[in-house]
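There are two complexes below, and they share chain A, which is joined by chain B in the first and by chain C in the second.
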Partner chain A sequence: MRNDAAAVGELLDPVGRSDFDGPLLDVRDLTTHFQTPRGIVRAVDGVSFTLEAGRTLGIVGESGSGKTVLSRSILGLSPRRQLVDPQGQILFEGRDLRPMDEHELREVRGRQISMIFQDPMTALNPVMKVGRQIMESLRVHFDMSKADARERAIDLLGQVGIPSPGVRVDEYPHQLSGGMRQRVMIAIALSCEPKLLIADEPTTALDVTVQAQILDLLGRLQSERNMAVVLISHDLEVVGGRADDIAVMYAGRIVEMGPAAELFKATRMPYTDALLRSVPNIEDPPHTRLLAIGGRPPDLVSPPPGCRFNPRCPRAGFRCGVQEPPLAPDDDNVHHIYRCWYPVGGPTGPEAEAAEARPRRVEH
Partner chain B sequence: MAGSGTAPLRDGREDIVLRVEHLVVEFPTKGGRVQAVSDVSFDVAKGETLGLVGESGCGKSTTGRAVMQLPRPRSGRVALEGTELTSLSPEELREMRPKMQLIFQDPISSLNPRRVVVDIVAEPLAIWGIEENRRFRVNHLLETVGLDTDTAARRPHQLSGGQCQRVSIARALVMDPQVLICDEPVSALDVSVQAQILNLLEDMKARYGLTMVFISHDLSVVKNISDRVAVMYLGKLCEIAPSEALYRRPAHPYTNALLASVPHPDASRVRGKSVPLTGELPSALDPPSGCRFRTRCPRAEARCADEEPTMRELQPGQFVACHFPVTPGRPLVTTPTGALGAPA
Partner chain C sequence: MGALIGKKVVQLAAVLLVVTFFSFLLIHLLPGDPAATIIPLGTDAQRTQLRKDVGLDKPLVSQYTRWLGKFVRGDFGRYYRQFGGEPVRKRLSQALPVSLQLLVYAEVLALVIAIPLGILAAYRAGTWVDRFLSTGAFASLAIPDFVLALVLIFYLGVKLKWFPVLGYVHFGQSPTEHFKSMFLPAFSLALAQAAVYMRLLRSDMIATLQEDYILMARSQGLPTWRILLRHALRPSSFSLLTVAGISVGTLIGGAIVIEAIFTLPGVGLTIFQAISERQYIAVQACVAVIGCGYVVVNFVVDLLYTALDPRVRHAA
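On to the complex of A and B.
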């Protein structure tokens, strides 16, 4: 429906950053739909955002909201046979990745953009020593001798905080703990010094203690290398303290996006608000009642008409069921955009609609 | 933590439903004996929820299962309403089973895939030959946990994770248990569904007067649902205290480190307070001598390697197994820690 993706991109460019060559990554109206026996799954449905070098964009949303499909689409890793009419542009340093063939994409992947997956065990080759896996990646992208690559692999393992890297380099993935494996994945992802790293739930399978270590590590490596990061999680709190900007996804769309602090302080979209309130806050006393969101996310084969959140939204009015709200900037902050007719902080749908329906005047 | 001792047991109280003393569980493996649970003691009073937290592999699930005698622990005692379970014959133990129920993390695989929801919930009644009001009890419970008649006619693979967990809860409650042991019941669920299930567990607890042991690695979730919290590390308890006290003034260095790792939208606030843990969990095949936490503890001294700390009461109700507990207002770190990720 909307085609002002470029405008949204401009809105998100914080003032003062006047890069002549534009943002590192500029995703415009990206659409990834899959053909399935049940019908067309609209996994990603018109997503736009920009990301500058050295910055972090956090993407959050419940499972099935399209986070993984979005990140894989950027790398051209979606199952091609299933794709239905892919739309939009993925401008990486101004070059559109979307129309590229597998050969061209391979050049970009790894060398320019790397990805870390949620489950390191499935992403690592179980029968190859971890050192060899890093070396392969190095030798594909750089013209390196075997000895140099091995030395570099050991160096990388050390950089990601693996103790005795000279020993670990000759171990197999199953000999490492989950946290160690994720460190190896990070080492592989960083081996080619990418400008952009996409981390899809990099710590969801890990303990809080290991999670903190891995996220600290990513943050440190990122600032050392001025790398841009897309950090995906279902947990708003995980990305909250780590990302510059946050995008909240619901049913294949971005429903709210803005600077991280702003999003927490002045949440406008009821779905974001509900996500924040449904997790127990460690500061609250025990047995504090949680505000659960009723129902479940919609089926992406037939999303509801109007606002996609309306069947579960406590603020929904009549209009929400018929007309989809545009992704528009907040009155107080143009960098903060959201989709909602009756945002948090103003009257709810029924309140606003009752006021409209009432004849003028009325004060009692 | 590496701490043992029975100081936290409240033997003066009349309302103790579950009492666990010197619990030890070991698994023989090719590499040697895995010391999964090593001398753990705690009790739970009627209507109380005890949270059990700790890193993956520290022995939380093993503790929960050993309490249920699944399998029987290597040593130690488990008393349910005064009945000592470890010395019961298999037949006597079977009679006791309905009184304690377990809810698992993975909702789908813990349910029989070939049966429909009503039958899954009714199954324990069928096994025990309880005919009386069977239909009524099942329907009433399904309604209480929020499942409609349409859902009741489906099979597990046709349900969402949250619905499966509701089925597990209904099934666990159908025999009217005294004690409910929940092993990571919401860890596999989305946050919005997690809130629904946590609220449901609170409702069920109030309605049926349940006593709960709630196992989780999520400290915020545990604080929300628990009256008291026990922190576990490498098969031992470090600290056990009323939830508020434990989160407000954690005394054990490991509790401090765990709390420092909790993600917070305002990262600077948490970071300033304490040092997140570095290094990895040592092997349970060959745990460190003395205090098991000493290889990662920022406060460790020579004594920690020689002498195992035992549980002692630091504040009323707050028990800690540490030679040098953290006192409020004092910095946690006494020695500089190693580089990020390197073992201390």
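On to the complex of A and C.
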């Protein structure tokens, strides 16, 4: 292997299946269940979505909705021994990641798909210099020499906006601020030019002022590299402006998914609606009360029958507690799909069922 | 950083003063007249000589300062026998290297056994491998070192004749024979230590493997061995280091019995013989030397934290 800069450049070119013309990531009916002392936790229960190269998918949901488990399942990072009968396919450039063993997955992790985590305080190794943490991936995936990897690490630190990267490369994580550490984490994740970045709550642990900087940085790096991003957040605001498509998760399932603008404009699922209403709006008059969603997310060991949101849903009718609605496309836009019998914009459950009951009894 | 070391050095000096003072006091804990206890059958002239040597007629504090002054200059007193008696320093200078070698071999052996097994047990936590290692650890903890020593002597020394059953060979004389003569005593001391170290490393490592940065390293596709050795081992080894430092004391104590069993001419055997011969001046000197050694080792361990954890380094 040549060790000059040109060789490094060649190495960094996307390898492999550029001839593949399907979606970059095609997740089909993904199921991740864990065996726990309390029973089987259905953390992710039949999730499907696709993501094209260079695009951004936002995944939104409360804590416990399964979004983090979903993201880790993609890279096979869930604790294997507790997994019960993993189902579904994770097609990355047409190759299924699900049946891969650790050895095969290692080739994909970091090189093809990278992850960044919520808390930059805990996701960087406290006893390793940040430069070495970046260099490691480069050395493992590209077999780079120490000197080349170091040069590249300094370059990456500069790209993620860290001032005097030549000095910072030899510092430890605790010598950097939270925002800086998140930049370092991004530098590590992007070191091997992955085609897909999974960002699990990348800004939740940061100050609001730093949040926007980090998201802007991610956006810039994404378009420079034509990289696809799965942006996971509990915060619709964070995802709203940045994602092309948004999937809303509830209790291990996708309950509404569609192009971001469409989802905000023509919200169908009452859960999404409630999430939107729980965000303060700058145009609201002062002292407007925010709407909180009553109750708690369901126990994933024994999710409620019917629609999983029905116990907390203000629009739920009788049918919602009995029969789970399918994930079906909207009448106006086939790309907008949701799970609801009585979507926002139409009559509520009790209204509709009362209207139906007038001519004849509710059939089941 | 400099200030931190300065503070530690002051602490070290204070602890050393206390340790030497109590070692010094030992002679006054003897019932009755120390001179009569040490030289029960000697002449009055010999007893007077001893009183003069130790300065028993002076006040306690000036006795201590006098003793300490001699101690730091390497004058540890002498043996009192019927006819003369050699200086304690002569015996100690021969015994100390033997004991230090035994100590270092035992520690190294314990760590060499414990670190790979601890990592393995943590990585395979909850599986049969882990349970097997844990059971083995408890079993080896339950065996007293002198029993283990005798069992090893019987099987490996007497029956298989792989190792000499007693005696000490200088490294300079024959390195192979030296290590052969030291292996059984070092192993007898090391096994229980290894069990403690392994259990300790295992539990710390299990906690470390739950950390986000391990998940981050996995998500970057790093090989498992690299994650375990480069990412997880160092942050998991703080308690191991602490206990390894403290065990120096245990190993010195254990070494008295082990040195006696294998007749290794170390400090332990010297103390053992001095006690049975009522050579309390020699006992006092040995105890003071061991005590100071123990304190200094733990001082070094304290400094090692800063090497191991950059957060400690920059906190000062």
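Convention: the second predicted complex is superposed on the first by the 339 of 364 C-alpha atoms of A that agree within 3 Å, B and C clash if a C-alpha of one lies under 4 Å from a C-alpha of the other, contacts with A are read in each partner's own complex, and residues count from 1 in each chain.
Keep this in mind: a contact is a pair of C-beta atoms (placed from the backbone, for glycine too) under 8 Å apart; a residue touches a chain by one contact, two chains touch by 3 or more.
Predicted model, so just to flag it, every value in this text is computed and none were measured.
Chemist: Answer with clash or fit: chain B and chain C placed together on chain A by superposition.
Modeler: fit
Chemist: Name the contact category of A:T209: first (chain B only), second (chain C only), both, or neither.
Modeler: A:T209: touches chain B, not chain C.
Chemist: Please determine whether it is chain B or chain C that touches the greater number of chain A residues.
Modeler: B
Chemist: Please indicate which partner A:R106 is in contact with in the superposed arrangement: first for chain B, second for chain C, both, or neither.
Modeler: A:R106 contacts chain C only, not chain B.
Chemist: Counting only touches as set out at the top, which of chain B and chain C does A:M115 meet: first, second, both, neither?
Modeler: second
Chemist: Answer with first, second, both or neither: which of chain B and chain C does A:P126 touch in the superposed model?
Modeler: A:P126: touches chain C, not chain B.
Chemist: Which partner does A:L275 reach: the first (chain B), the second (chain C), both, or neither?
Modeler: first
Chemist: May I ask you to decide whether A:R183 touches chain B, chain C, both, or neither, giving the answer as first, second, both or neither?
Modeler: first
Chemist: For the superposed arrangement, tell me the lowest C-alpha distance between chain B and chain C in Å.
Modeler: Shortest inter-chain C-alpha distance (chain B to chain C): 7 Å.
Chemist: Just to be sure I follow: which residues of chain A are touched by chain B in one complex and then by chain C in the other one?
Modeler: none
Chemist: Going by the contact rule set out above, which residues of chain A touch chain B in the complex?
Modeler: Chain A reaches chain B through residues 62-63, 160-163, 177-180, 183, 206-213, 215-217, 220, 234-238, 240-242, 260, 264, 274-275, 278-282, 284-294, 296.
Chemist: What does chain B use to touch chain A in their complex?
Modeler: So the residues of chain B touching chain A come out as 55-56, 160, 162, 190-196, 198-199, 202, 217-221, 223-227, 243-244, 247, 257-268, 270, 276-281, 339-343.
Chemist: In the complex, go through chain C and note every residue touching chain A.
Modeler: Residues 126, 211-213, 215-224, 226, 230-231, 234-235, 308-311, 314 of chain C touch chain A in their complex.
Chemist: List the residues on chain A that touch chain C in their complex, please.
Modeler: Residues 72, 75, 77, 81, 102, 105-111, 114-115, 117, 119, 122-128, 136-137, 140-141, 172, 174-175, 185, 188-189, 192 of chain A touch chain C in their complex.
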